[in-house]
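Each chain gets a letter, A, B, C, D, E and F, in the order it is written, and its residues are counted from 1.
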């Protein structure tokens, strides 16, 4: 034998799935939602998407360089973060604020904690929360979709949930399903998001547990706690409104910030659902998905700790 | 009046609490030995466990309760031992100041490899796979398991070989226990010439595997004026008690595996 | 404590090497709560310094006569007295600031810095050194929280000491004057300070600074494990 | 009853002592390294908060108010709390060693914990009744517990994270606290009752 | 019978290219190298020295220890060396090198054993040199003689062969069906176990059919098709699938009334009782991307793997990695001088592309490792602690339960070396326990 | 006995006594000043919302008003009477309302003709930059002038008439809370002065 052989510990084969491939799949799955956003909110939406994605990648590159670490933009997770952040922004947001959001997501939430896999809250969502807290007015000035823009006062267009809170005119469910309503540029079209979600399911990137249980919990609670007493709610309205679809399919499922075990995932998804409805119904904020997911992110370490799988052939140890 | 009432209220409280607390501490008194915490304070606080107790707290307890001698702590050195001995009024005893030494010079340039290792950077991990990638099965694997356990940053691994910085090493022995090849030895700081090799293979094999390994040619044995060198299963060993640091062995060694490791600081 | 301490080094100690806020991480609550504005930092710092100096002085004077059993209540009484005095003075002469600082003024009494200095320093040293230590620590505290306040005010409100400074540069991010901003700015400043301050001296870094058994320090954490 | 519930939820979620009121930060940062220690500390804090709220309320009602001595609140409260804590500690040590082992080490740390004195000052400010004050103390303790437990889980995870050198230790802990605090802002607008 | 199954598992590509390759017998090699430890248990002492002549079946290594088996010469010839070599573990093992004389003269000790009681049966099994042929290499006579208080009610015959590439057990089932059935009967008879179950993964329908036919008329032997899912063949999983019982941590199959034997092991029992020829040869699958003609070969134990490859027709490309065993559990060899041993069931030669292991990336907490681990462990967490040198916290994670199946590392998208990390953790815990 | 119990107690007693003595002294000095400060501050804040007045009579609390048979909502804290040259020219109402971050306290100055003279947010816990902007004159000035017959209404666009109040962007909750407080204050004064 002339050449030196490789020696390594078993197993000697690895599956085809790679981090990069998973992230690429998420990007592909988000494309319908991104296009829906551009369709309904115009080129401004496209600009915001481009800006957040590029700035996220650039920040990721620069901060790793600064910290003298290897470059990780190749794993595409920064692209996912940028894309999801963009979909969470109103299309009117000043561009520089979107860049600040990317900075917060990538540098403070992700890389300060060690980068991919180490952050304990969802970077894109934390950045959104940061922007809401910092620039509340800008983050809640919704414009109507281009398709309905001409006849209504542009400045005060309400999202479905906003309208529910303020007693405005509720949009019809079909518009909500297609995305012909106000809101963040990527959250309005349930259709596009579901298409993406099915792609992720088929590719095995996510399992059905989080989206289905999350959305199911919201629907159930919406039905139970109706406006006219118990069991009078309209689950479909709450399911299609706000950022629930985007949140349940793409954000609550983020690996890094969701539990590791099946049991944990169930608790987590139910928690997300309950908190979402708590925020929607019992706070002054019309929308609760972001904070619900963030709060459950924060609880993940404890959930993980309490849901260690039972030992094979015996009781769980500690 | 405006002064009397407040004074009465607060100092009344003070009196009540003073009485209550003093009384309670008398009634509910639980003895603790202050000496333990005093000794604990004097120990270095590295919690390295080199003394064989559960960290410095453990040793402090053992010193007081079991009469263990303070020189059990190899880390603090004479100063700490003296301080504790003074405090407890006991004999200082003697402590050997030891320093760790890696008995191998087989870095990536010197040693021949037998395979291409793909795996975790850890000596135990590589060692589990056919004894590591070095053709010499006695030598330093060079993936730094020792470095990971040294709390004093005294070990660096360069070019596939661990090296100990004697100025930083406290002789705690953690690395000695960790090395899968058992090639780190604690030696008295003042010992000078050392055979930096651990290879017990026959000369031919040793020469084939490593450029700087001991090939058991016995030249050092012959040249040593104080008969301090013996052969142990194909490996030269220097007895520090007998060694006079004359350095003739180092010159005689064709493989250059005897070196003067005495450190300036200790001279 | 055999070695003699130099008054100057005692005074300067608190500024950087053992900066109570950024190095020893004592008295975190006021450092975070009142620092929404630089001005509050100054006010809070001055108030705390007054209490520190006063209590250090009194405690170093009475340290020999107070028996161990009632040491804690006695010291606390002293500290509480000075705190109340400050509170009353503020209410009388600077009512605006008093309102801004709210319950954090009476809370100076439980500020770990003060108790820690009483236990660590005044307890063991004479009045002169104790006063200097109080001054140094107080100055360090003031400096630190004014710095935190400045950063938060500039980023979060676009003003400094109430003066607009960023008018057209950027829209201030309100988060910085809310609780999360406090933690964030503090985190960055501590990181910066660790980098600036004596690098070799790692052990001091937050973990083992306080010997008074103050909550912030590792003794608390380790205590639970033992 | 509804009032009490509002106080309870309010103090746990909306005005969480640690995350939005900045009270009790020192133990929050100091004792959150391990979930087990966090549990111990939380237990001790809840215990002391409930006891001290009761005692300080009584002291305020029957010693200070009758004589118009409100300005002595600080000194009286802190004295009462210090004595209480020390007394409890001594008694526990002797009578209930297991409980002392679990809570004891934290007790002395609590005297200098803003949360205890802070909640006493707050009940005065808000004119709470005895029951309300005690419930408030209990809820504040629970809020502290919630924050501490969640945070300890996160910190255990940070333990093995690959954090930049300058941020290792306290700085990253503070940044993490900031993020947790952002998430709690979600509760800020909770309409209770 | 209901499929109970186990949790987790993975589906690596099967690559069973040699299913239809009937076993070819390889001749006598240039030299054989026989290590004195080919089993779990005590090392054997050498019974011969350099220069001695030995015959086929002659005992050349033995030990007084109970958990150990004798080692026989697989050739007749002259001992040319007795020396320590590194095989695959960290410590060198004494090996006897024999130069065959080509005559294959059989030792006079080789004769059918007289078996008339359980004791004599156990003794015969020990003398046969049989250690588990399923890959673990545990001395079979120890297994067959469980502690008195263990009531064994089921003999499980492991024909799962869940690893990719390997088909040697399948060939065993196809070519040696009678011996398998007879071996089972023998074991049942002498150990008093009432029934036997044969488990075979359902990607081998022919074998299932054939064995079903063979046991048609036997009441207490049944054949079960198993879902094709790695690591179906691991004994704890197999027991769970076939009987629904879970072997508790740290306990043996006998704890739940089971005894697991590989198909080749039982077939060998039958053969030995008939002929008395000890374990000197092994059926080995030769495959992999560098191998020209994948095939099943019957090889004399001690044959250097290089010669086996040469016999199979050599390589299409320079191999970058040689694996003894399957790709999931096998050991990668550093040299082609390493001999085939009793437990060797496959030899794989992989080319550069297949042989290289991708670089580790950071864990993205995807949870895949957790969901595939058949032992319900948290591989990412163990890995995290091991990498951080935090061995103290490791006890809580049941590290010792890991069966090193490799599912976690196989499935990890970040390509983390989880199984190796866990081995390291086990190693550290063992060292700690020793201290 | 003495050393263990009595002595510590005496010392603690003495420390407390001395310290409290000092405190009581300081309090003696500062108390009048603080009281004075508070009074001035109160007058100032009242004057802020009713600059025409030169004196404010001591307040009546909501409870007291109730006993006088005036219909007041629970949110009314106090009612001050504003005087000019000894003549009552109007009222200042201190009213609570619940905003985004909890209670708001609002002072509303209203003259006898139901003209709103001034509004100020005395204390609130609203989010800086959002709800807190309700304290800005930009928002509060919308209320000045004659109180509408019905009530003030919050709208999210440019107001059409004087009874409409434009909400602060993204702080509708606060805007509504302030408006509700003002409406209650107006209702109270209306019931006192009658009709107009």
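As a working rule, a residue touches a chain if its C-beta (ideal position, glycine included) is under 8 Å from a C-beta of that chain, and two chains touch if they have at least 3 such contacts.
The structure displayed is predicted, hence computed values, not measured ones.
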| item | value |
| --- | --- |
| Set of chains whose contacts include both chain F and chain B | A, C, D |
| Minimum number of chain-to-chain contact steps, chain A to chain D | 1 |
| Reference chain C; chain at largest CA-centroid distance | E |
| Distance from the mean Cα position of chain C to that of chain B, given in whole angstrom | 40 |
| Distance between chain centroids, defined by C-alpha means - chain A, chain E (Å) | 48 |
| Whole-Å separation of chain centres (CA-atom averages), chain B against chain E | 42 |
| Residues of chain F whose C-beta touches two or more other chains | 4, 8-9, 11-12, 15-16, 19-20, 23, 27, 100, 127, 129-130, 173 |
| Residue list for chain A, restricted to those that touch at least two other chains | 5-9, 108, 114-115, 118, 130, 133, 136, 284 |
| Shared interface positions of chain E, touching two or more other chains | 332-335, 356-357, 362, 387, 417, 420, 423 |
| Listing of all chain pairs that touch each other, if any do | A-B, A-C, A-D, A-E, A-F, B-C, B-D, B-E, B-F, C-D, C-F, D-E, D-F |
| In the complex with chain A, residue positions of chain F that touch it | 100, 127, 129-130, 156-157, 169-173 |
| Chain D contact footprint on chain A (complex, rising order) | 67, 108-109, 111-115, 118, 120-121, 126, 129-130, 133, 275, 278-279, 282-285, 288, 290-292, 294-295, 297-302, 304-305 |
| In the complex, chain A residues that touch chain E | 1-3, 5-15, 17-19, 21-22, 75, 77, 114-118, 255-262, 265, 308-314, 317-318 |
| Touch list for chain A against partner chain C, complex | 96-97, 100, 108, 130, 133-136, 138 |
| Residues of chain E that touch chain D when the two form their complex | 362, 384-385, 387-388, 390 |
